[in-house]
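Next, two complexes with chain A in common: one pairs it with chain B, the other with chain C.
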Partner chain A sequence: MNLDALITYTLTSTALLQPELLVAVGLMLILVTDLFLKKTVQKWISVLFFLVMGLALISLSRQSEVQAQVFSGMISIDGYSVFFKYLFVVSALLAGVMSLFSEELNQNRRRLGEYFIVMTGMVLGMMLMAGAANLLMMFVAIELVSLSSYILVSYLKDDKISNESGVKYIIYGSFSSGLMIYGISLIYGITGTLSLSEMNAVLQNPAATIDPVTLTIAVLLVLGGLGYKVAAAPFHFWAPDAYQGAPTPVAAFLSVAPKAAGFAMMLRFFKTVFFGSATQDGYVPLASLDWVSILAVISVLTMTIGNVTALWQQNVKRMLAYSSIAHAGYILMGVLLLSDSGIAAMMFYLAYYLIMNLGAFYVTMLLGDRVQSYELDDWRGLGFRAPVLAVPMVIFLASLIGIPGTVGFTGKFLLFVAVLQQGSLYFWLALIAVANSVVSAFYYFKVAKILFLKKSADPHAEPVTAPVPAVVLLFVFAVPTIVLGIWWSPLYNWAMASVRMITG
Partner chain B sequence: MTLDLFSYVILLPVAGFLVNGLLGLFNLAGWRSEARKPVVGWLASAAILVPFLILLQIFIGMAAQDKGFVTLYNWLTIETLQVNISYQVDSLSVLMGLMVTGIGFLIHVYSIGYMKHDPGFWRFFVYLNLFIFSMLNLIFADNLMLLFLGWEGVGLCSYLLIGFWYQHAFANDAAIKAFVMNRIGDFAFLIGMFLLFTSAGSLNFDAINQSVGALDPTTLFLAGLFLFIGATGKSAQIPLYTWLPDAMAGPTPVSALIHAATMVTAGVYMVARLSPLFSASPELMVVIAVIGGLTAFLAATIGLFQNDIKKVLAYSTVSQLGYMFLAAGVGAFPVAIFHVFTHAFFKACLFLGSGSVIHAMHEEQDIRNMGGLRKYLPQTYLTFFIATLALAGFPLTAGFFSKDEILFRTFASGNYLLWGLALFSALLTAVYMMRLTSLTFYGRERFDAGHKHPHESPALMTLPLWVLAAGALTVGFLGLPGVVSHSNWITEWLSPAVITAEVHATHTTEWILIGLGSVIALTGLFAGWKLYTTGLETVTRLKSGLSGLYNLVYNKYFVDELYDRLVVGPYTRLSESVLAKIENRFFYPVFGWTSSAVSGFADTLRYIQTGYTPVYLTLFIIGVIGLISLILFI
Partner chain C sequence: MEVAIFWLLAVIIIASAAATVFSKNIIYSAFSLLFSFLGVAGIYAMLSADFLAVTQIMVYVGGILTLILFGVMLTNRITMMSLKTDVFNFIPGLTIAAVMLAGLLYVIWVTGTWASDSPAAWDTTVETIGTLTITRFLLPFEVVAILLLIAVVGASFIARKDKQKIQS
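On to the complex of A and B.
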């Protein structure tokens, strides 16, 4: 390749990476502005953050038809990654607004600039995760997200629990990163490449001799790293501690966006590397590794551990943490199905899960800030003191269970249909998932029961209110939870169209 | 035909429902306050008026054979089952839609006056808008599934509105009764739907109606029968009619809109929509005609001795719905719809008039305590009287044309027994309606005129009365009998959407029948007037002379008691024994064990989450090794 061609290639690649670059430039801009901005007007830094995210959205909207690999196959830009990038930017926007109403964070408003800097970095990392088509790129992106997460979790630096959970998170995360990079090195050792598509070619080549045991161990180590990102059992132990200690908006953000990024990456990894022929539907997996069974076991373990452990939780944030582990288990069903409808169902699930789970965390934050407690016992009778907050909470809970009329039902419906379409082979998987949904109804509705059916300890307690903008944001979460339950075909069709555009 | 604006017909009522509902629910912007009442009321009314105007515009621009579809989106697809949120605009649905939105709007306006002092004002209008939304879905649906959604929706609104004054136990009981009765019908409706789906392979009306010829006659009969049982629930026919009279516990505008003009006609509409299906099974048509004729007769006799002004009207509604099914049963589906249309005007007018009377009499509903109201409520009286004439079939009023057409078609179809029954019911109708008018408006005051000062209702309430009364006088001319005019507009208009049986009868027969119908109406009206103004002693003597028969009819043939004995009692006892023997002895312990097993498991599991990072990391490694061994050794 001569120099001219190289320059042209680099320029084209750079142009295609516009949304990521915008976020990266925005990150530096916020960093510098934060340095020079007076401490009293620091909250205006959030405006800059929203501006950057808004520009990223506009830039994304121009990439709906792109299908390319840039920088020597390091990053794929296709409908699939664009779908996820939308999710990351939208959830960053929503979590950003949510942060403005958080008491915990606003006590530290002095340093709100740093908060948004780290958040921007995390968005950048997730965008790279969704597109990464090379093991090294995958690792770098995942590390960027992890490092940002550590900082955000321990963001309340005067708070002991926040710090403790941050440290635990770092240790756990570094451990899993270490194992993952070990797995990557093993894969590189046996296939001689880091690019996902080249790996696929090697695995398909009958002449190449791959030791299945080494391959299994290597892939499982990589899976450990990915499983840690999506909080799938048995790599989930960090999640409850981290969520409970983190500021609530951060916990909310962690429970949706990095999880979606982890799934995006996991699916691209398996779909690109381990398929024989990538036909439209009904993929043929490579015989060398039975990763479908591994994922099925992980899926069942994850949803069962998440739901069952959630039963006993008294702290709402911790309960929601286990709930988000359980949902990762459901979503994994979509990953292992080897079908377009399964992947589309997974994407649909992640998209609305973002809305309803952010919503549930948001109400938790508002209520927790006002009663100064996240313990369920202190929430008794709150429904009548704060109907405007508690009624949407019930909507979110109903959706998390999957009650018809909410989007949670639609998502589970699509997922189960996709599972059953694969034939009776997966019937038991659907059955376990349904049983799990039943268990989950118990702890979700326990919250509703405590809010509305239990008497408040203090009969003369004041009504609890929230400022009007905060309530408006609440409806931004609550309305789609209902509307998407009835009118979901556009979102699903978009997910389906994106699936068809996955490039290696 | 342009359908660009059609989606607003569906969306505006639901928008009204959402705006008033959310603002009212959270009491935002003072939405429940006295000052906001006009805003709430007029907003809700506008959400119905605009759809009416859009439909009017579509109606003006369309020809009878025009048919358009508006698909909002595909809700779900499971193999061959497609559920589309898709609407069908044709002559039948537009006519019904105009009626529902037009009369609905008038009743909304009336309610602004009627409900003025009710603290649940906003809630009332929220339910009304939701009702109109559901009703429009029912009417415009192009498939049975969406129709069922509307069907259930109107049932829900009916329940909510009957029990609107939920502080009163009787209102709650009536609401539950209506809901349960409807659910029984809905269950049958669902079975009918499943049968059709498995045999015809689709739930779309067009597909069903086209596949009728290919269906097995038994399946066809059963599917139609189950759908019709659903219709007897919604449209208050034998055996599921007893909820409608009790439904009068709701506010009077509700009785006018839901339990007279619109919702209860849904069954007739459904039968007309599937007219090719129903008419393909002669046995089924006989069932429909007989049930319709019997209901018309039975309800007319009960109406004769009721003393609650609204109960009389309720039984009259049941009876008139019977006429509609009779028409459908003899193959005159367009005539059934014609009667739906005319009935909507005069029955809504009668109910709103009764509301005006009740309003003036301070919630008094017993006609034995009324009388002589003509001079206190001149406008109410006049409109009520016009509507009475129309319902009784006084020549040239709306009811005259539609009812005579039903009688004529019944006669022409050769069902002379049913025709005789219907003719006799027409006589009874004229008598009980004139009895109602006489006892309410004529004679001397049977209340303490010194204490009660009945006063005419405000213009907001009387204006809708006049519009409806004008309709009761004129809309009949849309369906002139064949002997008078060669073009019967309504039959021709509906002909592309609804089929109709051939008529074999001479002009002479038709003239004789028209004459007979007029004589019957006039006789009945005269008898009712004479007996219940000056002949009250005769009535008393007749009552004591025929006390056995009188008691039987007065107590509504003891049907409620019969149902209590036959269904409610055994059912309650069954439930109790199931609770004691199965639930408490079997399910309760089993679920108890299951739940303690799960929570015990959970209790163990939660100790894994120790909070110590080394433990977590060990478990991580154990997990990886476990998975590896799972793959390699199993």
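On to the complex of A and C.
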């Protein structure tokens, strides 16, 4: 390639990568502006953050029809990745607003400049994760997200628990990155390429002699890195500790956005590399690796461990952490189904999970800030002291269980239907998932029970309120949780249309 | 000849890595890490990866290890302290490690044909790497730049001394 052609190619690629570019430029803009802002007006840096995210949304809306591979096949831009990029930007916006209402973040005249810089970097990393079509790009993007999350988790420097959870998170994270890059090196060694679609061509070639055990071990190692990002068993140990110590808006953000990014990447990896042939509603995987069974075992393990351990939790943030592990288990079922309806159900699940889980964390943050505790014992009778906050909490909890009338029911219904469509082979998987949902009702209801049915220890406790803008944001979470439960078809159809647009 | 050098390097790497882990004195650990890094650089050089070998020495030996040593030496009392190296969960840990070792050894043993590339004459790799960095791998290269920027911002934020005290 001569120089002129190279420059033209790079410029065309760059133009197609407009949303990512906007976020990257925005990051530097926030960084430079933060240097010149006086400490008293320092909170206004968030305005710039919201502006950048808003522009990214506009830029994304112009990409709905694009289907391209840019930068020598490093990144795929298709409806599938655009769907996920919307999720990341929207959740960053919501988590950003949450941060403004958080007391732990705003006390002690803490600086928020770095907070928004790092969060912007994390959004960029996740957008690249959703599109990455090359193992090297996947690894760099995942590292960008991980590194940003380490900083955000340990952002409360004057808080010992936040420091501790940050360190734990870094140790687990580096370990799984190590596993992943080892797996990548093995895959590179046996296929001789880093590009996902070329890898598929090598594996499809009947002349290739690839040892199935080597391939399985390599894929398991890569799954170590991906499983860590989505908090799937047995790589979930970091989640409770990290969520408990992190500032609550960060915990909320971590529980939805990087998880969605991990699933987006996992699905693209399996669907592109181990794609055999397409059938009417789905596709047939390559015979050389039974990754469907591997994922099925991980899925069952994840949801069971998450739900059963959550039963014993006394700390609301830890309980929500185990609940998010359990939900990762359900979502994994969508990945392993090999059908369009399964993938669409997974995307739908991730989209509404974002709203209801952010909502649950948001109420937790508001109540926790006011009671100065996240222990369930201290929340007794809080429902009568703060009905405006506690009633939406019950809605979110009902949706997390999957009670009819909430979006949680619709999403689980769509997912289970997609599982059963794949035939009786998957019947036991659906059965375990339903049993798990029943188990989960116990601990979600426990919170509702403590809020409303237990007497407060101090009978003369003051009522608890929140500022009006904070309550308005609460409705931004609560209303879609109900409305999407009934009027779900537009979102689902959009997910379905995006699935059809996955390019290798 | 080549085989002899390889085994010599391998013994140096493994022995000094073991010394790093098992030594009770942190200074000994840090210095044995030095030999481990140098040995790996030697392996890279044997594989004709000259750029990687030089980078390994510059970054790990010249940068990271020196920093570790400075950190150790400037931290008072740490030289006198005996490290607490208790072993927790000995049996499960050993089992997992053994299974992983067996799996990886099996992989190396069974896979006879690794994808390989053997050009007629080995040339310096610096130019190729440089060209690839600004052509095929341009985007990852730029993303790594942002990754480092975030790392610098985060590190300076966490390392900065604030006025308020840490509450327990």
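To be clear about the criterion, the second predicted complex is superposed on the first by the 498 of 504 C-alpha atoms of A that agree within 3 Å, B and C clash if a C-alpha of one lies under 4 Å from a C-alpha of the other, contacts with A are read in each partner's own complex, and residues count from 1 in each chain.
Going forward, contacts are C-beta pairs under 8 Å (C-beta built on N, C-alpha and C of every residue); 3 or more make two chains touch, one makes a residue touch a chain.
Note that the coordinates shown come from a computational prediction; the quantities given were computed from them, not determined experimentally.
Trainee: For the overlaid complexes, name the partner, chain B or chain C, with more touching residues on chain A.
Mentor: Looking at chain A, the partner in contact with more of its residues is C.
Trainee: With both complexes superposed on chain A, which partner does A:137 reach: first (chain B), second (chain C), both or neither?
Mentor: In the superposition, A:137 touches chain C alone.
Trainee: Give one of first, second, both or neither to describe whether A:71 is in contact with chain B, with chain C, with both, or with none.
Mentor: The second partner, chain C, only.
Trainee: Looking at the overlay, does A:417 come into contact with chain B only (first), chain C only (second), both, or neither?
Mentor: In the superposition, A:417 touches chain B alone.
Trainee: Taking the superposition as given, does A:240 touch the first partner, chain B, the second, chain C, both, or neither?
Mentor: In the superposition, A:240 contacts chain B only.
Trainee: Pick one for A:209: touches chain B only (first), chain C only (second), both, or neither.
Mentor: It touches chain C, and chain B stays clear.
Trainee: Would you check which partner chain A:27 touches, where first means chain B only, second means chain C only, and both and neither mean what they say?
Mentor: After superposition on chain A, A:27 lies in contact with chain C alone.
Trainee: With the two complexes superposed on chain A, say which partner A:124 touches: chain B (first), chain C (second), both, or neither.
Mentor: Only chain C is touched by A:124; chain B is not.
Trainee: Taking the superposition as given, does A:217 touch the first partner, chain B, the second, chain C, both, or neither?
Mentor: The answer is both, since A:217 touches chain B and chain C.
Trainee: Residue by residue on chain A, keep only those touching chain B in one complex and chain C in the other, then list them.
Mentor: 213, 217
Trainee: Okay, in this complex, where on chain C does chain A touch?
Mentor: 103-104, 106-107, 110-111, 113-117, 135-140, 143-144, 146-147, 149-151, 153-154, 157-158, 162, 164-168
Trainee: What residues of chain A sit close enough to touch chain C in their complex?
Mentor: 1, 6, 10, 13, 24, 27-28, 31, 70-72, 74-75, 108, 111, 114, 117-118, 121, 124-125, 128, 134, 136-137, 140-141, 143-144, 147-148, 150-151, 154, 157-160, 163, 186, 188-193, 209, 211, 213-214, 217-218
Trainee: Which residues of chain B touch chain A once you look at their complex with the stated criterion?
Mentor: 25-26, 73-76, 78, 598-599, 601-603, 605-606, 608-609, 611, 613, 615-617, 619-620, 622-624, 626-628, 630-632
Trainee: Sort out for me which residues of chain A touch chain B in the complex.
Mentor: Answer in residue numbers: 168, 171-172, 175-176, 179, 213, 216-217, 220-221, 224, 233-235, 237-238, 240-241, 289-290, 293-294, 297-298, 305, 308-309, 311-312, 387-388, 391, 413, 417, 439, 486-487, 489-490.
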